[in-house]
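Pasting the structures here.
There are two complexes below, and they share chain A, which is joined by chain B in the first and by chain C in the second.
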Partner chain A sequence: MPSRRRTLLKVIILGDSGVGKTSLMNQYVNKKFSNQYKATIGADFLTKEVQFEDRLFTLQIWDTAGQERFQSLGVAFYRGADCCVLVYDVNSMKSFENLNNWREEFLIQASPSDPENFPFVLIGNKVDVDDGNSRVVSEKKAKAWCASKGNIPYFETSAKVGTNVEEAFQCIAKDALKSGEEEELYLPDTIDVGTSNQQRSTGCEC
Partner chain B sequence: MDEEYDVIVLGTGLKECILSGLLSVDGLKVLHMDRNDYYGGESSSLNLTQLWKRFRGSDTPEENLGASREYNVDMIPKFIMANGLLVQTLIHTDVTKYLNFKAVDGSFVYKKGKIYKVPATDVEALKSPLMGLFEKRRARKFFIYVQDYDEKDPKSHEGLDLSKVTAREIISKYGLEDDTIDFIGHALALHNDDDYLDQPAIDFVKRIKLYAESLARFQGGSPYIYPLYGLGELPQAFARLSAVYGGTYMLNKPECKVEFDGSGKAIGVTSAGETAKCKKVVCDPSYLSEKVKKVGKVTRAVCIMSHPIPDTNDAHSVQIILPQKQLGRKSDMYLFCCSYAHNVAPKGKYIAFVSAEAETDNPEEELKPGIELLGPTDEIFYHSYDTYVPTNIQEEDNCFISATYDATTHFESTVVDVLDMYTKITGKTLDLSVDLSAASAAAEN
Partner chain C sequence: MSMEATELQDLSDDADYAASQQQGSASMMRSDSGKRSLQSEHEDAVLIYLKDNVAIHPTQFASERISGRLKLTKQDSVLFLSWIPYKGQTSNAKLSEKDRSLYTITAVPFTEVRSIRRHTPALGWQYVIVVLSSGLAFPPLYFYNGGVREFLAMVKQHVFLARSSEDQNVFIVNDFQSPLQRTLSSLELPSSLPVASGQSVYPLDGGSSSENQRRTSSDVGNRVSSVSQSGFRKQKSHDPTRDLSIHLLEKFSLVTKFARDTTTQLFSENNGFGSIDKRWNNQPVHSYPEKLSNIAEEKHHEIRHSYSENDLLKDDEISYIDVPADPLEFDKLSLMWGKPRQPPMGHKERRNDISPSIKCRISTEYFTALLDSEGRVVESKALRERVFYGGIEHQLRREVWPFLLGYYAYDSTYAEREYLRSVKRMEYATLKQQWQSISPEQAKRFTKYRERKGLIDKDVVRTDRAFEYYEGDDNLHVNSMRDILLTYSFYNFDLGYCQGMSDYLSPILFVMEDESESFWCFVALMERLGPNFNRDQNGMHTQLFALSKLVELLDSPLHNYFKENDCLNYFFCFRWILIQFKREFEYEKTMQLWEVMWTHYLSEHFHLYVCVAVLKRCRSKIMGEQMDFDTLLKFINELSGHIDLDSTVRDAEALCIEAGENGAASIPPGTPPSLPLDDGTLYPQEDDVL
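Moving on to the complex of A and B:
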């Protein structure tokens, strides 16, 4: 079956509502932060060019668009992901406890061909809040969780001030690239439906 | 829940998801719910386990069929006209960015026990045994007339008012034979029966033009396109559009019950003990079954095969139209086939569907002419469903109910229903010629 070299890498970001998923990707791609909290509106996917060893790749980072709030993400959202980013809020024990659910949901919906080695990255966000005084999930506890899931990488970030965001996404991009190259996906020829030009037919139809 | 919305949409079928997307883009506050834990409702695409559960009442499909997740079996199999209303809607909303499409390999028509490719090029047309040489000349004149016909340019009408002249009359003017009429009316204009012959010719001509324009659009072997991973991708894509514009999604909500006030107006929806308030309710027929009436029945066979349909030149995707007259029926029968090439089945597997408006209570016997064209099948499932239309008065109860999907092999009637509902819900007419993302990009500059 034909396949073409992959230059588009899909990354999805999962986690409870309000942990800062949208802010993280906005900080990484657009270097922006908004203090205004609304359960995600207007976030879709963002793309960023990344370079590794003289090759250019497009990282396509998919937000949940708020559909995770009532566990209503469809299978299409998960399909074809090259890396899964799990995000929790270090000030919310519940968001940390729900990581198991998010990871299991991903493995069920995405059905990766090698689930044991599929790349996850864990992010503990909002380390800036109250100068760290309202923190309830210790770094030690989070690292233990990562170790128990096959030593997945862990980053503590603040989307607000930009702490560690670049570092986290560099790791994500590297893991997505490695995953994407190993997966020899069947990529059928597709057609571009995006243009709205109206072609005039020439000649008779029959 | 326990909030207030402009519109609550029930059921995540394709029609409901398109409406949810359009209404959210318009700035309405939308809550969208479904009793199932997956998107698509009656127009979902099922994996193998879901298929077995639905049709065999068990959770364990045959192991030799391959991984369950590799199957995406459409419950409403239809191809998309490449220049049709659904493509216009996809472009209008920029939902194409969530989807990938392939051209469908070929379209065939059944005639006297055999299938013939519907020509896609001039060369194929000249070689085709569907018509004799002299008939081809007459047909060519007819097609040139249709191609040149422009509703706004009276010169192109050649003295005929197509809003008055019937299709039968215009066909007679070009001296076409019965077999040719059958072919043009059913395989090109895609009419489901022969009622069109005595209707004004304008619809007939427009449909042939749509076929030609769709054929030219991507220059594939047919006028159709089809999404990778099956048609269940479409509701999910429009649902994501709605979510991106603020729509709230709740799957797996049992028994969504519409609440009415003393004067019979919908005021909200209750599920699992919680009530969300709203001004309007949009839903498929199953959520308000007391406000719909049965108008027909569709019968269908769903088949898993390990080979392409015979005599289709090993096509990975194909439509075969069996005109009513060829079968002695009241309406056409349709075959639709897609395969692993569209990521709807594992390598080497094909999914075929035989569909028709039911005229008997015996699907196996009724669909036999179509099934006999398939060759051996690994598995076959039969199902029939009643088709409904709403009977309520929307101004009185603020409920907007979609019609059930018909047996046709394309989506034009589906989108017509959606656009009509959109106008009733909002009071506005949608201009599909505007590309929303291009318009908003221009506004940002």
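Moving on to the complex of A and C:
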């Protein structure tokens, strides 16, 4: 069904201010890290071409402001999303605790057709900081949260060093693609996303 | 005010008013300073040259012309140029007396003339264009009986006249430098003239940034070629073989008509100033003659406009989408009103051969001249006007910003301000002490404080760190920024801290160089812009709404386009408005723009007109490429660093004047940065904990 092929996959990155959303996006798209990113105001996105099998897609990755009071803008930015990436800082408990808010807020504002099965991916960023000594959110805790939300794929990354960023986004792209195709086929119930494939660093088998 | 209106009315009604009263036309062609003395040059002026049958064409029809007499007179060794239309002798009944008086040139001294461009085609009429040093140009003066050569020869006998090295038809008066050529070449229309590469545009910012000018002029060659390739191809009925003069005539005639319509409207409404925002009726309104003096400016303005747009877009592709015409009938032509900017206030005092400390003192002295003996700003509107039309020399910002921001009252004395500073310094220390006294133990039980501090800590270290003042590890200014923001979040606990505040504070701290003073300036700014950061985002939504109304008013096809493409929320302008273009311009330019906006000279909401100006410049790109919301957002974000400040501000000024009352009425009362309407709960609290 070539005519129905989607070529644009829209991904939204959400999470508290300063967890590294902009850095993750830039590391993935531009293979660059800077200490001088400014706080994101409003929203912006980068695009990257990705290939699956013999098909080429444009991954449109949206970076948003992290402060809660800007969430009301989400309505405009979240619509049409194919996947939502939740990011927290493994060195900040607060950023982890806020994940529920971000997830719920996204589902409300984006109002996807099938919220139960809408693909999320969780990223615990900044694993490089202080060689992990200042880490406050354990991998176990993060995975438990993922399991409770329908087995969300989980990655631990360092946007600064580049660790695992490519892997995380490959999974994100696959999830987005699957989500997009489901929408096209209008058969949301036939795909089972609920199978367990949330192993750290191994990518998702979806 | 009413006196002035009456006078102006007289002028507009009586064609000979200007001729008989030098005052009228002297002010009509008033130079930037607006202070040129109204010479009584005829009393003992010597007539040097007289030429009859010199005409201007207010419309594109050659039959419609206003003939008059061109004169050169000399008084006190200064040469003056005059052109007075013949009384009651228009070639066409359609031309009113008003038309004729519009163009009267009375005794313009050659010290204010920058150049004269001659056009002497083998066929057709000869004409000259006189360009003033302010950048204004008079409409072409047609020598129906020939004689341009003689005229120039006569001028040359009395003033230093040098032929431009770039264009042999351009004669520079008292020239010293290249900026003249810029002005001259900018007179030419790219669509009708092959513009040689290497020519440059009109100086962008009155010389305050020579580096920028150099960069601009070096880029122009490329831009010119791309403009001629694409920028004008969409213009209907464009025929490259058409004579420049016809083209010029067309342009001028459109402008003339536009000017006439606008000014007629201006006078027909109450008090003669109806189209100017009533809320500003305590401020000087652009006088009628002053506006007219800008008519001839559109040449260079338009060409710069084209360059800038093209520069922004970088894309030479020709759009095949038929973009609806701009509803402002003359589109870019109508954007010619904005006056040229002056050098920043205090600039004249700047010299390179003296130390910075003396420079500072001199700048301060310049400002001091605007104060009475006790330090009151004698005429705040004059100060605000001066800043609006040129910004402030950096050394002087520290003195002036507190007034613009409302921290200092204009009518305060030196002593009162000194007292205020000391009181406020103590008050600041007390406020700062509130959070400084929180012990680590207390902080553990004070989540809001911890989180707020954490957010501020995160943001200050990523605010303008590439800028010298804030760069490097353990930068003390970054610490000051943190302290001020944290103190502010206690001063205004309900509003707290929100991202974007550090963007505002950074230039303020850089300018004020004092923690307490910066804090109170920031407080004053937040009195107006605090609603931008409300939890309910109401201040932002109001402004975005007002912006949509202004675009609807000033560019309905673009508005309709946004409507059809689901872009009416204007979220793509969110960053522009939240931090008033801080991320769109380089640091110095941002400060220039801010001080211009903070004058509230034409409108409190000048920033919204700046938004419209930028959008308007991009309209053909946006509509031609049929951008959807995402593409538009990306496009707008990527304009950052590519917007020309000077021409944008001038466009915004033009739009603001043009919108007049209707513009003001499009903006709901209380829209930031207007002061809040009531003293109720300024910052509604919701469940957001920060």
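Assume the second predicted complex is superposed on the first by the 167 of 206 C-alpha atoms of A that agree within 3 Å, B and C clash if a C-alpha of one lies under 4 Å from a C-alpha of the other, contacts with A are read in each partner's own complex, and residues count from 1 in each chain.
The definition used in the following text is that a contact is a pair of C-beta atoms (placed from the backbone, for glycine too) under 8 Å apart; a residue touches a chain by one contact, two chains touch by 3 or more.
This structure is a prediction, so every number in the text was calculated from the model and none was measured.
A.B. asks: Where does A:43 make contact in the superposed view: on chain B (first), on chain C (second), on both, or on neither?
C.D. replies: Both partners.
A.B. asks: For A:77, is the partner it touches chain B (first), chain C (second), both, or none of the two (neither)?
C.D. replies: both
A.B. asks: Check the contacts made with chain A and report whether chain B or chain C touches more of its residues.
C.D. replies: B
A.B. asks: Quick check on the superposed pair: does A:69 touch chain B, chain C, both, or neither? Answer first, second, both or neither.
C.D. replies: After superposition on chain A, A:69 lies in contact with both partners, chain B and chain C.
A.B. asks: Would you sort A:156 into first (chain B), second (chain C), both or neither based on which partner it touches?
C.D. replies: After superposing on A, A:156 lies clear of both chain B and chain C.
A.B. asks: Let me test your reading of the model: by the given contact rule, A:111 touches which partner, first (chain B), second (chain C), both or neither?
C.D. replies: Only chain B is touched by A:111; chain C is not.
A.B. asks: Does chain B (first) or chain C (second) touch A:18, or do both, or does neither?
C.D. replies: After superposition on chain A, A:18 lies in contact with chain C alone.
A.B. asks: Chain A residues touched by both chain B and chain C?
C.D. replies: In chain A, residues 41-44, 65-67, 69-70, 72, 76-77 are touched by chain B and also by chain C.
A.B. asks: Residues of chain A touching chain C in their complex?
C.D. replies: 17-18, 35-39, 41-45, 60, 65-70, 72-73, 76-77, 94
A.B. asks: Can you list the residues on chain B that touch chain A in the complex?
C.D. replies: Those in contact with chain A are residues 38-39, 67, 69, 83, 87-88, 90-91, 94, 96-103, 118-119, 122, 125, 128, 139-140, 143-144, 147, 184, 188, 208, 211-213, 215-218, 220, 225, 228-229, 232-233, 236-237, 239-240, 243-246, 248-252, 341-343, 347, 433, 435.
A.B. asks: Could you list, by residue number, the parts of chain C that touch chain A in their complex?
C.D. replies: My answer: residues 451, 454-455, 458-459, 462-463, 465-466, 498-500, 502-503, 533-537, 569, 571, 574-575, 578-579, 583, 629-630, 633-634, 637, 688, 690.
A.B. asks: Quick one: which bits of chain A touch chain B in the complex? Just the residue numbers, please.
C.D. replies: Result: residues 1, 41-44, 65-67, 69-72, 74-77, 79, 111, 186, 188-191, 193-196, 198-206 of chain A touch chain B.
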